[in-house]
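One chain, subunit A, links the two complexes that follow: it is found with subunit B in the first and with subunit C in the second.
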Partner chain A sequence: MLEVREVETFHGDIQALKGVSVSVPEKSIVSIIGANGAGKTTLLRTIAGALAPRSGTVSFLGEPIAGLPPHRILRRGIALVPEGRAILARLTVRENLEMGAFVRKDPGVAADMERLMDRFPILRERQGQLGGSLSGGEQQMLAIARALMSSPRLLLLDEPTLGLAPLVVSEIFRTIRQIHAAGTTVLLVEQNVKQAMKVSSCTYVLETGRIVLSGPSAELLEEPRIKASYLGQG
Partner chain B sequence: MGPEWINPYHLQVASFAFINVILGVSIYVTLATGQLSLGNAGFMGIGAYAAALLSTRYGCPIPAGIVLGGLFAGIAGILVGIPSLRLSGVYLAIATLGSGEVLRAVLVNWESLTGGAVGIAAIPQMGRVLLSRAREAGFAPESIGLRNNQFIGISVFLILFVCAFLAVLFFLRLGRTRVGRAYAAIKLDEKAAEAAGIPVTYYKVLAFSQGAMLAGFAGALYAHTTSFVSPSDFTYHRAVEILVFAVFGGSEHLLGPVFGAAFLTMLPEALRSVSDYRDILYGILLVLTMVFRPQGVLDPPLLRGFARFRRKGKA
Partner chain C sequence: MFLEQLVNGVTLGSIYAIVALGYTLVFGVLDIINMAHGEIFMFGAFVGMLIVSKAGAPLPVAFLGAIVVTGAMGLLLERFALRPLRKAPGVSNLSSLISTIGVSILLENVAQKVFGAGNHLFETPFAEIRFRVGGVTVYLVQALILFVSLALMTGLALWLARTRTGRALRATAENLATAGLLGVDTNLMITATVVIASAMGGVAGVLVGMAFNYINNQIGLSMGLKGLAIIIFGGMGSVYGAMAGGLILGIAETLVVAYGDSGYRDSIAFLTIIVVLLIRPQGLFGQAAPGMRR
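So, the complex of A and B:
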């Protein structure tokens, strides 16, 4: 569904991605793990169009999308939930959700909003409240729900559990499973390595701008290097 | 002759207040996307000079000249906006202030077109033109008990009132549309707005050129009100004056700069009796605002309070 080939992205003179290739099959969950500064966020932002790669290709459903502006890529069905609960703090919960449907012009928006509020009852309860008044976990739920309002085929999640309490983290992972079960493909960037690998079918390990390891998540969980560096075992 | 309470001087002050209200709206529109532009004095100059030249050199009718003045400034806004909007915050403020000064330098030095530092005089004044048209049509102001200068003052006042009112109304309503929502989202969080699929650059340039167009429109009205323009009307003093409308009145809601513009234009008149201390009082007022209302006099909670109070009064 999504094919990233030999992508190189720069921040000014600094090369953040040094030839990264990632493949996300339809209806899968793929996770990307790695330390701070490995290039995980850069990779997601490159896919979503917020950054343009200097070389390499990104194709989605067989069509090249690298270099397109973010709103075009969103319209093709890739939605990004940015790092750090990027919600619109001074708009209400309902307005935040409406903003998520900004690129849509079809009449199904109201029905989708109802469906999402069924899935996230807390958002229905708080729909008139300002986004900034929600708790951290609720804000993350809102950010995910807002991305879903564009009815994406591929959802990019950038560290959705960052800074959240363990109970809330499990809730987020439950939500990711539900979204996947409902038919949306998910590309997940996480530092919560163990849970990310458990939820995904396939994992890529990113280190200083390069993929150093990849494969089925179940196999990588047994891989000694992963155990030592990321799971604190052995 | 004529009712004495209609004072042409007071009408003129009120007319300038309406022009300043339009300038207040012009800075608000760019602020609504979180961009501080200090170039509006320059764009006002473009509108003023365009309207002045079109009417004095090419005999263009005043209303058409005013519309074209706004459009020229809007186009200049797009040209300045596209490169400048790569910047933000103080960098954008300095870049736009600079582009305003560049414009002023062009006005001073392109003497063959602009008359240089002397400026352009004898621009048709809209009130006078209206009076002569009225006389041609056989209407004499005396018949309704007005002196000539009272008629001129009132007609300019009414024209500018309608222009300012329409500008405020248009942008109040814009706030509730898709475009207004996009502006609000960009102001709150550009990355979140981008992730929601809003073409951020497009809307920033749109807001910037809307602000420029409004400033140009105000400038064109100014030219046909004072009938004289010179580069010194559009220096950075004017840019700061426009900024103060928003700082004093409040920049969180459109009515903030509108109130600031109207109030601060009238204030010097109210302080005439203590004219020696006028600047001191003006300064003290600004300092007090910064201390007690750093967000400006009008902000959304206060406006919501007014709305509640009015509803209660009706019930």
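So, the complex of A and C:
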């Protein structure tokens, strides 16, 4: 579904991605793990069009999308839940959700809003409040729900559990499973390595701008290097 | 007497509010003060003057003409003075500010060359028509100015609050990057904002012509400074702050001229700002936490 080939992205003179290739099959959950500064966020932002790669290709459903502006990529069905949630603090919860459907012109928006509010009852309860007044976990739910309002085929999640309490973290992972079960493909960037690998079928390990390891998550969970560096075992 | 002064003040204040709205809209999406806004406003006044006094056409044509000309000026300003700087890497916000100062100097000189330095008569056919409402004398021109500016403010507020595009504009104003990720064409939004803000300046220009009957190529500078003062007073980027600030300044100025010394007229704006900022540094409607912005 999504094919990232030999992508190189720069922040000014600093090269953040040094030839990264990632493949996300339709209806799968793929996770990308790695330390701070490895380039995970840069990779997601490059796919979503917030950054343009200097070289390499990104193709989605067989068509090249690298270098397109974010709004064109979103229209093709890729939605990013950015790191830090990026809730519009001065818009209400409902307006945030409506902004999620900004690119849609079909009549199904109202029904989708109802469905999402059923799935996240806290958002229905708080729909008239300003986005900035929600707690961290609620904001993350809102950020995910807002991305789903564009009815994406591929959802990019950038560290959705960062800074959240353990109970909320399990809720987020449960939500990711539900989204996947409903037919949306997910590309997940996480520091919560164990849970990310358990939820995904395939994992890529990113270190200083390069993919150093990749494969089925179940196999990588047994890999000694992963155990030592990311799972804190032996 | 007091009520009449109040009507004068509200009339003047509603024009100030329209000018300040132009500043605040652009500041909202671009985080810069458009220093050329006052001069664009002046061109609106001159276009209105040419249409009404020279061509003898009716007022609605003057508004339309001013909107078209100043809107186009906004488009050119964004395209050639702001966008190239926005795309360039490593360019600070300050460059766009300097760029708009350059445009404002250019426009003032063009106006001097084309229209000359003196006063121009802005004749409205019904300048002397007045009527009495409950013991208060109101000029038709005043009623018209109030009607136009209130309609404009209400329209803008409703548009921002209720429509899809208005919502997208608020999202863009709060966070450009996030709005882009949500599918808003932020370049288009910025262009639209600068065009709308400039056209509002153009309308305000015609209103000032109607209110004072004389215009010259210096009105951009003084009105620009007052507009600037109002948005600092009302809170940078706040739409309601611009409206309230404009009205308060208009009323305060008029009352000072009526009951005090007219020599202090223009200093009132800046005195008010100093007092307000001492008490409330973020302005009347400003956001207290700067960290919320970006």
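Going forward, the second predicted complex is superposed on the first by the 234 of 234 C-alpha atoms of A that agree within 3 Å, B and C clash if a C-alpha of one lies under 4 Å from a C-alpha of the other, contacts with A are read in each partner's own complex, and residues count from 1 in each chain.
The working rule: a residue touches a chain if its C-beta (ideal position, glycine included) is under 8 Å from a C-beta of that chain, and two chains touch if they have at least 3 such contacts.
Remember, predicted model here, so these are calculated numbers, not experimental data.
*Asks:* Using the overlay on subunit A, decide if subunit B and subunit C clash or can fit next to each other.
*Replies:* In the superposition, subunit B runs into subunit C.
*Asks:* For A:Arg5 in the superposed arrangement: first (subunit B), second (subunit C), both or neither?
*Replies:* After superposing on A, A:Arg5 lies clear of both subunit B and subunit C.
*Asks:* May I ask you to decide whether A:Pro70 touches subunit B, subunit C, both, or neither, giving the answer as first, second, both or neither?
*Replies:* both
*Asks:* Once the shared chain is lined up, is A:Arg94 touching subunit B (first), subunit C (second), both, or neither of them?
*Replies:* Neither: A:Arg94 stays clear of subunit B and subunit C.
*Asks:* Once chain A of both complexes is superposed, is A:Ala86 in touch with subunit B (first), subunit C (second), both, or neither?
*Replies:* both
*Asks:* Which residues form the common part of the subunit A surface touched by subunit B and by subunit C?
*Replies:* 48, 50, 69-71, 74-75, 80, 82, 86, 88-91, 95, 98-100, 102-103, 146, 150.
*Asks:* So in the complex, which bits of subunit A are touching subunit B?
*Replies:* So the residues of subunit A in touch with subunit B come to 48, 50, 69-71, 74-75, 79-82, 86-91, 95, 98-100, 102-103, 143, 146-147, 150.
*Asks:* Mind listing the subunit B positions that touch subunit A in their complex?
*Replies:* Going by the criterion above, the answer is residues 178, 181-182, 184-185, 188-189, 191-199, 201.
*Asks:* Can you check the complex and tell me which residues of subunit A touch subunit C?
*Replies:* 12, 48, 50, 69-71, 74-75, 80, 82, 86, 88-91, 95, 98-100, 102-103, 132, 146, 150
*Asks:* Which stretch or stretches of subunit C touch subunit A in the complex?
*Replies:* 89-90, 164, 167-168, 170-171, 174-175, 177-185, 287, 292
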